[in-house]
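Scrolling down, you'll hit the structures one after another.
Look for chain A in each of the two complexes below; its partner is chain B in the first and chain C in the second.
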Partner chain A sequence: MLIFYLASLYVVVPLILSGIFDPAPGLFRTARETSSDAECRLLTGEQMRRRLSEENHEAFPRGEIMNEDLMECTGRVLPMAERRAPVESLLSGLSAQIPELVRTAKLRAPEKTLWRIEAFHDDPLVAEKVATAAKTSLSELRDSVFDQSPVLGVSAVAAFSGMKITEGLPILCREYASHLGQNEKLLALFQINPAETQLHAGLCTHTGDWQWLL
Partner chain B sequence: MLGRNCALFALFLATTTLSACATVVYHPLGAIRQPLAIEFSENNFKDFSIRLICEVGPLLTSQNANMLCGNLSAHFEAQGARVFVGPVDSGEDAELDSPNTEAGEASVKISQDTFVGGRAPAKKTSDRNIHLTAELSAKRVRHEQHGWLGILFYYSLSLIPIVEEFTDEQRIIIRGKDGIVLKDETFQMRFIEYTGLGYMALNAAANFFFRSNAEQINEDSAGRQMTSDLRAQMSQLILNAGMRQQAILMESAQNAGRK
Partner chain C sequence: MIRHVLKLMAVVASFFCVLSAAANEPLMPDEVVLLEKSRASVASELQLMSADLLDEFVFGLKANPIFSTRSNVVLAGVNVPYGFGAGMTAYLENHFAELILKNSETKMDLVHCPECSAVVAHSGPRATIMGRGLRLNEILSSAGIGTVAKYAIFLDIEAEKSQLVLRGRVTEIRENLPIVYARTISTSTTSPVLLRSAANLKSASEARQEYLDILRNNPFFSFPIRVGVHNFALSQNTTETDPFGRPTATAAVVIPPLVWFIAGAETSFSQSRVWTAEFNLGITNQVDSHDGWLAGGRFSRLISGRMRSLTEPDLYFVVGGAVTNLRGSTAATFRKSTINVAEIIADRNGTQPRASFSSFRLALEARVKNRVSLSAFLESMPAFAGSQNFGTYLDAGLEFQSAGMEVGFWF
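And then the complex of A and B:
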């Protein structure tokens, strides 16, 4: 009986304590499952109180004596391996990056500017997603955005394709200029290095002036 | 009476010995496991001069800071960067800015007393290279220990483990050559330490039957995985900061041209 009791202690207790619901790797979860299923972060003090009030969580009448910290885990919409890592890293950061770049662009342009958006990326689908995110962000700020960007001649595109993007964009801007109206600006979004996970932006005006947005 | 005391002492001795059976689990939180676009290559940081400053604090002793900076320095040098460790001194400053210095020529100087605090990076610049200063600091944001498990641990001869949790934060600030902050990122890591024979036995069984070699949890896996995650994220941050610096340089050059 004692042996049975000890044996069950060996098995049951650590299993329970390792936390069936704990998102950490352990007896129930491998490290790979942990990072592909959910993204967790620790909320402490003020962050936790803010989050609980957002969710209309009522404070305990005698205070939060036991619950001092909160682990917040968000399930991933797409599993980690669904998209290539460089694409995933860029797209997962879009919601944070695009509004910031759009705000910076708006600071450099007059109020009634009509916007055209052009995104550059090796993968046309990714470029389209980036451009759509920028168009949405501008629309949310009640700005007018053209759905399509100007179509350049074959010679301009061919010349551009042999250049570094940082050297080519100011030249390409001169080509775009003839397609832009007086109150139109082209917002270009691109990566300088394909191994980075951030976007850079530049503005092109109807006079062919290229401005870096930082 | 004597026999009972002896038994209790033996129990205490046995349990104390078993308390060495600790299994540490590493749980990466938030951004430290975000996907990366950078791949390890000798040319990733070909034109980069990087200064690493590991700040000594309650969590990072000077020995740990030395180890961390030394480890990162070797990692970046293997990718083609010129790396300096510690705050700026005038001799290194000149070397850092010399356009003729080949990558890899620079010596890595590690000194325990140079890690305290951080100063503004080099003022003199050469436009050919990307000059970055990375400041690393760490702090413990959470430590939780379930005291009642300690009692059960002793009475169960360590079948019931003691569970202790730590959550640490690693802050990385990367500055450009004029001291402008290009990146400021904080990574969180959680460590759960299970002490006791019960958990150790189950973990050993799980390692043997279910986990691949890369996923095994053993005595040094937590530290190894955390270091690997941190190095990978640092590489990505350095590259992103470098490209941002390049954009700033191009804008400055354009503005200078207009004037």
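And then the complex of A and C:
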């Protein structure tokens, strides 16, 4: 019985002590409190050592009693509940996702391609932000980018809006083709499922060929 | 044993369940009020961060202008973070316009173009199309937008986790709007907003250094003025005895306290201000009693931290020394022997006593930034060691005959 209580003490006391200072959800913080104002990541061993040495943390001469993790937290610009979760996750990942998609598109296109960008989303504001990120990213890579994307007729847009995006985009590409010059390609960015956080991309050429990228 | 461990785990798990259930409860009215306050705080912080990004963007345009000659530019769009409205858009448009107006080195002249952002419909032989003026080639040519301005600038600001990202691009106003310049910059919530002046834009590093200098108030020299009171320990004259023959402690000479006004120049050896050095001059005057001057110096060592705090008071340990010259009746007491009748008569005849001596000081000084300080000190005057005129506050091999306090103001 004594061994049980000693073991409990060994588990519970460090748990409580670490919980008091731990910014992650746990005994002393609910998930709401944590997720609303901090963006946390677990540091790797090397990052942890560097950070501790910066703060002049001195290790115990006989080593630490327990293996500890170090979590680095920075405040979010906007609390988590400020925007709808799918929009939040999509917009929060623009800087991470767009350069990757742009690089993939560049690999599939000749060197002197003239780019046009179109983004599809239920919310036009979100679509504009996605397109803006792609245009800026491509331009920063010194590619020639047109800010205007082809404007389709009202009837073509109405027909497309009734289709699934995976079926509609290859058809829409044929409509776009008549607006694209010989060296031009249209990079389309979209989500297949409104609930997903991943962006997908496809390429449309002036011949009306549709190519799935990601 | 295993059973007990499982029980303990069950207790901990149930505790977490209770916490998570509490987290899913609907918001109470006071929580809604708190949430609104929090939103207002976030919005104001966001405005400052956005303005900071615009400052950096325009500083880039100023340092490396896009155009070789002055060009008319339309501010065609400012997109604020998703979820924020027209108020913030207007604020950022105005801030950007102010920056461009006050920084002519960007070689941009902002022009007004309502047709550029208005939603218009155009019916052509192929189709009827709708869109914003700049987006439609047909409108570009028919409305003559290209004659008003040659270029259009688009700004987009978005919050991405702990980063606020500005994406700016400049397009040429002609068919298809080719992008001629694009730049992405970001700032983090961990970086303080720099609040740069629009008229005198600096780089982020320069502005940050300036900001830190102001916070630390760290010019090479600072000029303290101190007012101090020096008290002198009473001498213990044991020549008198009480009726039982026991020696009584009676002050043979009472030296009045000296009030000093001291002005100096202080410098520090590093930005952290762990060590500082000061040279100072002081005067004292009391009508019909004394006047005098002192010249001294002191070294201070910060003992309350590794560097001077920007927000909390600091504590310094001070070692210093001074040479003092006094004139007047008080000066007659600054000697080893007791004052005699001849000296009192000489003083009354107009020959004023004089005293010159050196002193060494140990002090503790509490200082709030470089604004005010309060110090308590003990002072030793080796020339008067063993003097019948002075007692001691502390005898640690070196006699400390004087103690006092000083209040300092920095300029």
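Criterion: the second predicted complex is superposed on the first by the 160 of 214 C-alpha atoms of A that agree within 3 Å, B and C clash if a C-alpha of one lies under 4 Å from a C-alpha of the other, contacts with A are read in each partner's own complex, and residues count from 1 in each chain.
Just so we're on the same page, a residue touches a chain if its C-beta (ideal position, glycine included) is under 8 Å from a C-beta of that chain, and two chains touch if they have at least 3 such contacts.
Keep in mind that what you see is a predicted model, and the values were worked out from it rather than measured.
**Q** Looking at the overlay, what does A:30 touch: chain B (first), chain C (second), both, or neither?
**A** Once the two structures are laid over each other on A, A:30 reaches both partners.
**Q** Per the contact definition in the header, classify A:197: touching chain B only (first), chain C only (second), both, or neither.
**A** Touch status of A:197: first partner only.
**Q** Does the superposition put A:166 against chain B (first), chain C (second), both, or neither?
**A** Once the two structures are laid over each other on A, A:166 reaches chain B alone.
**Q** After the superposition on A, what does A:214 contact: first (chain B), second (chain C), both or neither?
**A** It touches chain B, and chain C stays clear.
**Q** Just checking: does A:132 make contact with chain B only, chain C only, both, or neither of them? Give me first, second, both or neither.
**A** Touch status of A:132: second partner only.
**Q** Based on the superposed arrangement, let me know which partner A:122 touches: chain B (first), chain C (second), both, or neither?
**A** neither
**Q** Determine, under the contact definition given at the top, whether A:85 touches first (chain B), second (chain C), both, or neither.
**A** first
**Q** Between chain B and chain C, whom does A:100 touch in the aligned arrangement: first, second, both, or neither?
**A** A:100: touches no partner chain.
**Q** Once the complexes are superposed, what residues of chain A are shared between the chain B interface and the chain C interface?
**A** Residues common to the chain A contacts of chain C and of chain B are 11, 15, 27, 30-32, 39, 92, listed in rising order.
**Q** Taking the touch rule as given, give the residues of chain C at its contact with chain A in the complex, in rising order.
**A** 1, 4-5, 8, 12, 15-16, 19-20, 22-23, 38-39, 42, 45-46, 49, 79, 81-83, 126-131, 135-137, 154, 156, 158-165, 167-169, 171, 176-179, 181-184, 186, 188-190
**Q** In the complex of these two chains, what residues of chain B are touching chain A?
**A** 25-30, 33-39, 44, 141-142, 144, 149, 156, 159-161, 163, 167, 188, 190, 192, 194, 196, 198-199, 201-203, 206, 210-212, 214-215, 217, 225, 236, 239-240, 243-244, 246-248, 250-251, 254
**Q** For the complex, give me every residue of chain A touching chain C.
**A** Residue list for chain A touching chain C: 3-4, 7-8, 11-12, 15, 27, 30-32, 39, 74-79, 82-83, 87, 91-95, 116, 125-126, 128-129, 132-133, 135-137, 139-140, 144-148, 151-156.
**Q** Which chain A residues qualify as touching chain B in the complex?
**A** Touch residues, chain A against chain B: 6, 9-11, 13-15, 17-18, 22-27, 30-32, 34-35, 39-42, 44, 69, 80, 85-86, 88-90, 92, 166, 170, 191-198, 200, 210-212, 214.
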